[in-house]
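What follows is chain A paired twice: with chain B in the first complex and chain C in the second.
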Partner chain A sequence: MSPLTLHDYLAVGAILFGLGMVGFLARRNLIIMFLSAEMMLQGVALNLTAFARYRGNLQGQAFVLFLLTVAACEAAIALALILMLFRRNRSLDVSLWQELREDDQPPNLDEEPLPPAPEPEPLPQLTPAGHEPVHAEPSHEEASHV
Partner chain B sequence: MGTESLSRALVEFFPHLLPEGILVAIACVVFLGATTRAGRNLWYLLSLGALATGVLLIIAQGPPLSGSNSNRPETFASPVLFDNLTWFIRLLAFGGGLVFVLFSWSEVPEKQAADFLGCMLVTIAGLSMCGSANDLIGLFLSLEMISIPTYVLLYLPRYDEASQEASMKYFLLSIFSSAFLLFGFSYLYGLAGTTNLSGILHALDTTDVRDRPALASVVLIMVVAGLGFKITAAPFHFYAPDVYQGAPTVGAALLAFIPKAAGFVALLRVLGFVFPAAVSARAGIGMAFGDQTPILLCFLAAVTMFVGNLLALWQDNLKRLFAYSSIAHAGYMLIALAAAPLLRQAGRNEGADGIEALLYYLVAYGAMTVGAFAVISYLSTPERPIETVDDLAGLSRSHPGVALLMVLFLFSLIGIPLTAGFTGKFLIFFGALAVPGGERATLFPILAVLGMINAAIGAWYYLRLVAVMYLRTSVRPVEGKWCPAGLAAVGICALLTLGLSLPPGADWLVQAARKASGATTAAAPK
Partner chain C sequence: MDVALFADGGAAGLARYWLALLPAALGFVGVYCLLPQAKGGRPMLGTLLGGAALALTGWLLLRHDGILPERILFYAFSALAIVGGGMVLAQRNPVHAALSFALVVLSTCGLFLLLAAPFLMAATIIVYAGAIVVTFLFVIMLAQQAGLASADQRSREPFLASLAGYILIGALLCVLEKTFDARTIDAALERIDAVARAESVDDARRQFGEIRKLFDDPQKPGSDRTLPVDEMKRLIPQTDQDLLEAEFLLNARDLPKLKAMFRKLHQQGLQARLSIGVLTADEKQPATPFSQGPLDAAGRHALPAQNVAGLGRTLFADYLLPIELAGILLLVASIGAIAIAARRPEGLR
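Right after this comes the complex of A and B.
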């Protein structure tokens, strides 16, 4: 079996990048879209490490370290943003967000709407035992602001 | 390029990053301090002081002497570079930052003011560092230093649905475009074997065009696509109207200026339009990726101008209108970029120069667009927001002074003489017409004519705003609010728009832009 060459690594990197791109364009779930974009970055990281080995210096690997750091920062912001959007619509579907568009353009109606999410299985109920403690009502101020 | 020269480079070059370092440190102080002390005035005064000191220091320091760091091995090891372009961009970033701090003073609610300010300071530092990046890693990090706080900036001031949708749209498309840029960078590293920009340009310059692998064109396309998103060049512009519409006014103004300036600087550096003095630029500027570069930029410029101007005609929402207007202006700047290589090849350093025109227009564009946004923000109150064109009706009666300043910005955006917009458009179109004949003799005159047609189309929708302000009366007059800081931001932009069009200011800016473009230092190929 022949050893792996630079081209093999580059091919895998390009495939990862392409898969991520298709996923970003085709999926509608916010989290999956973000993960697809991250997959594109992983393709880039693979390219950089492969080139670093091929070129015999460490600059490419240093680039990957910075890339991962930035990706982590972006993931933190992404999760905060996604949570904020989810609180408003109770859905991760991007096609629900169509308020901003050209004036004369009708909203993009979904011809094949997603099937309704299955009802979560009811949690097991235990019979409460003992006295119920006194608990304070959560204030509305805290609940409405993130 | 051993460890020794790297450490020498670090010692020698990192003190140059001191202004940005101080800015980021102040941003950290603001982030932390705001948890114990609410309110905005202290933090705004602190950062205003820091930015003003920065501007004074940069002016006092002056641009570096030409040829001071030429032909030194450190250029090929150092991650940062301090040349005339760096100085120019740093002044632009700090000066622009000053205006933005004044602008946002009353726009942001008290509770989020400090966080907003901290994010904004980091963006300003990012733009400033973008000008000094001499390494793909540094360039990427400084671009991300602009993008990541911007995601937060877009949704901090408001909690409504439109603002959340805008920030999510910008966020997703921004990381998508960053991925393209990075893919281009990874191949660029593979081609040249180094992440140092001077080294990359040197490597590309010393290999013959025919020996170069086809990867170079992939790099060119990926990098232009990734940066095209930042400068809102069509077909990468589609996010701009939605995001501007949903964003708070100050956020829209930031988006219209800071990422665009950074995108153009990154294009100048990566595509080799501005060479570090240590690299000889044998093939001429902007030709590092082959001579298809100007043609690609020509098409981008033409499409961008038409998309921006034609779609702006249909808009009623002011922020959407200015979004399309900013797309159109990116198109004008791309003309200058496309014409730059052939102009410099002709050796006409005394006459027109593409990069000089681009940098001039960048400053002029910043002053007039940010000024127009500042007027909108100054006039908006929560009870009577200025959202659509009709909201401006009767402005000349209720606020004659502000209406006059708005007219100044709009005239400058049209390009009427005695404004900075006119001088900038003149430099760009004159440059495109001055491209000497050759195999592409007809391309650039056609581009210049297309640009002029577009300037005429643009006049229609800007003049519509003027007509609404002066000829129509409103049922409910604009209230406006008394806010000295917002007025100061409008005033500074107006002063720049006027001052940079007339000889002392215009000459100074053209000289600074010419120095920054490297026309006098880099040896022009005969």
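Right after this comes the complex of A and C.
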């Protein structure tokens, strides 16, 4: 019966950090890149809290509070920048900004065509129920009453 | 402790850590399959591989037996956090990605609670709840105008990105495995526990012989000294005296006293096991007593029960200047956000 050790929490923090890094590197949507960066911060916060718990002082938790402050500032600035970039290009695709690369770097082009978009599902139609009433030709006498 | 990570050289050195590297490799292939790609993405295979990696990681941590409620909660929260993290990477729809990120934050908050940090749990939920709501607004405002964009269906260098993630996670897990290697003390604790549970004097004598094998001369046949004994002696300092005393008790055939002694040794060993890899605080650091909890029975600092009060005193005693700077940072960031995002007339851009 061994209790949880520092190792377990550090492993979870490391995995969160790594996943966030992969997301930041691979995804092209600016908002998802921002979320991945926040996920890396979550991994670090978990590490610091675990150190605080196993060292028996509150300094780690105080650090996480500062980390939260920085994360909030980052969120504000990042979303403002995303908004500005979107106004310029009308798109969240980060690859549209690749003219900012170094001169000797090759451009990043999309070679594979996207698979064709699936056909939109047809709207559901009610099956007709009951009989259609017989439309009798109105006689001239009835029509004259109206 | 100051041995290079792969001192025993190359593949053999790496093979020692296969238990940490295998789940990371599975996760690498899984994440590569899950990343949105124009061609070649296999979400089903990726999900399967990712699940296998998660289960293997759980087993890697679970090797140390024993199911406690704390352990179950830890596995539940960390599995949720990692699955949510994977879903942030894999979702093509940014709204779903933001929802998965909310899952990550909530499960991390659960882990904060397990780590005796209730204030941080509340603060994280409050801060990130606001952040996620704003992100949602942004997604709905910007991304949902023309359906799924082409940027969401492709990834930038998915193979290289997942490879970089694999190298990072694999290296971190290897270092953790090495630093927190508890095999020595686990083997010793198992044998100590066997003596503490012995039925008869002869049984105890046989189990005691197993413990002696740990300390024997490595040249002697039958010796089991593959485990670094010095490390164990460092963790349980009074082992030598205790073993001498145990021999004395064995010769006196005093079983109850012997078992009581080994039960106590087992408890001390469990305490010592918790302290593997934990750096002790530097006494010369100018931390006020506020950030240190009261001493527990073992003479170590335990976290104070009044988390919020302690945290407040720490912030305003040890970190007075940084907290003022954090306030200034928040002010500057909000001004900056307004300055960046405000609509200006075309001529001023």
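Keep this in mind: the second predicted complex is superposed on the first by the 103 of 146 C-alpha atoms of A that agree within 3 Å, B and C clash if a C-alpha of one lies under 4 Å from a C-alpha of the other, contacts with A are read in each partner's own complex, and residues count from 1 in each chain.
In this text, a residue touches a chain if its C-beta (ideal position, glycine included) is under 8 Å from a C-beta of that chain, and two chains touch if they have at least 3 such contacts.
Everything quoted here is computed from the prediction, not taken from an experiment.
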Review point. Does the superposition put A:H7 against chain B (first), chain C (second), both, or neither?
Key: second
Exercise for review: Please indicate which partner A:R55 is in contact with in the superposed arrangement: first for chain B, second for chain C, both, or neither.
Suggested key: both
Review point. In the superposed arrangement, does A:R28 touch chain B (first), chain C (second), both or neither?
Key: second
Practice item. Report for A:R101: first if it touches chain B alone, second if chain C alone, otherwise both or neither. Key: first
Review point. Which partner does A:P113 reach: the first (chain B), the second (chain C), both, or neither?
Key: second
Practice item. May I ask you to name which of chain B and chain C touches more residues of chain A? Key: C
Practice item. Could you say whether A:M84 touches chain B, chain C, both of them, or neither, answering first, second, both or neither? Key: both
Study note, to complete from the structure: After superposition on chain A, the chain A residues reached by both chain B and chain C are 10, 17, 20-21, 34, 50, 52, 54-55, 57, 59, 62, 66, 70, 73-74, 77, 81-82, 84, 94
Check your understanding: Mind pulling up the chain C residues that touch chain A in the complex?
Key -> 27, 31, 35-39, 57, 61, 64-66, 68, 70-71, 74, 78, 81-82, 85-86, 88-89, 94, 97-98, 101, 104-105, 108, 111-112, 114-117, 119-120, 123-124, 127-128, 131, 134-135, 138-139, 142-143, 149-158, 160-162, 164-166, 168-169, 172-173, 176-177, 179-180, 182, 186, 270, 273-274, 276-281, 287, 290-293, 296, 300-304, 307, 310-311, 314-315, 318-319, 322-323, 326, 329-330, 332-334, 336-338, 340-341
Study note, to complete from the structure: chain C partner, complex, touching residues on chain A are 1-12, 14-23, 25-29, 31-32, 34-36, 38-39, 42, 45-46, 49-50, 52-59, 61-62, 64-66, 68-77, 79-84, 86, 91-95, 108, 110, 112-115
Revision key, fill the gap. Within the complex, chain B is touched by chain A residues 10, 13, 17, 20-21, 24, 30, 33-34, 37, 40-41, 43-44, 47-48, 50-52, 54-55, 57, 59-60, 62-63, 66-67, 70, 73-74, 77-78, 81-82, 84-85, 88, 94, 97, 99-104, 145
Review point. So in the complex, which bits of chain B are touching chain A?
Key: 136-137, 140-141, 144, 148, 151-152, 155, 159, 161-162, 164-169, 171-172, 175-176, 178-179, 182-183, 185-187, 189-190, 193-196, 241-243, 245-246, 314-317
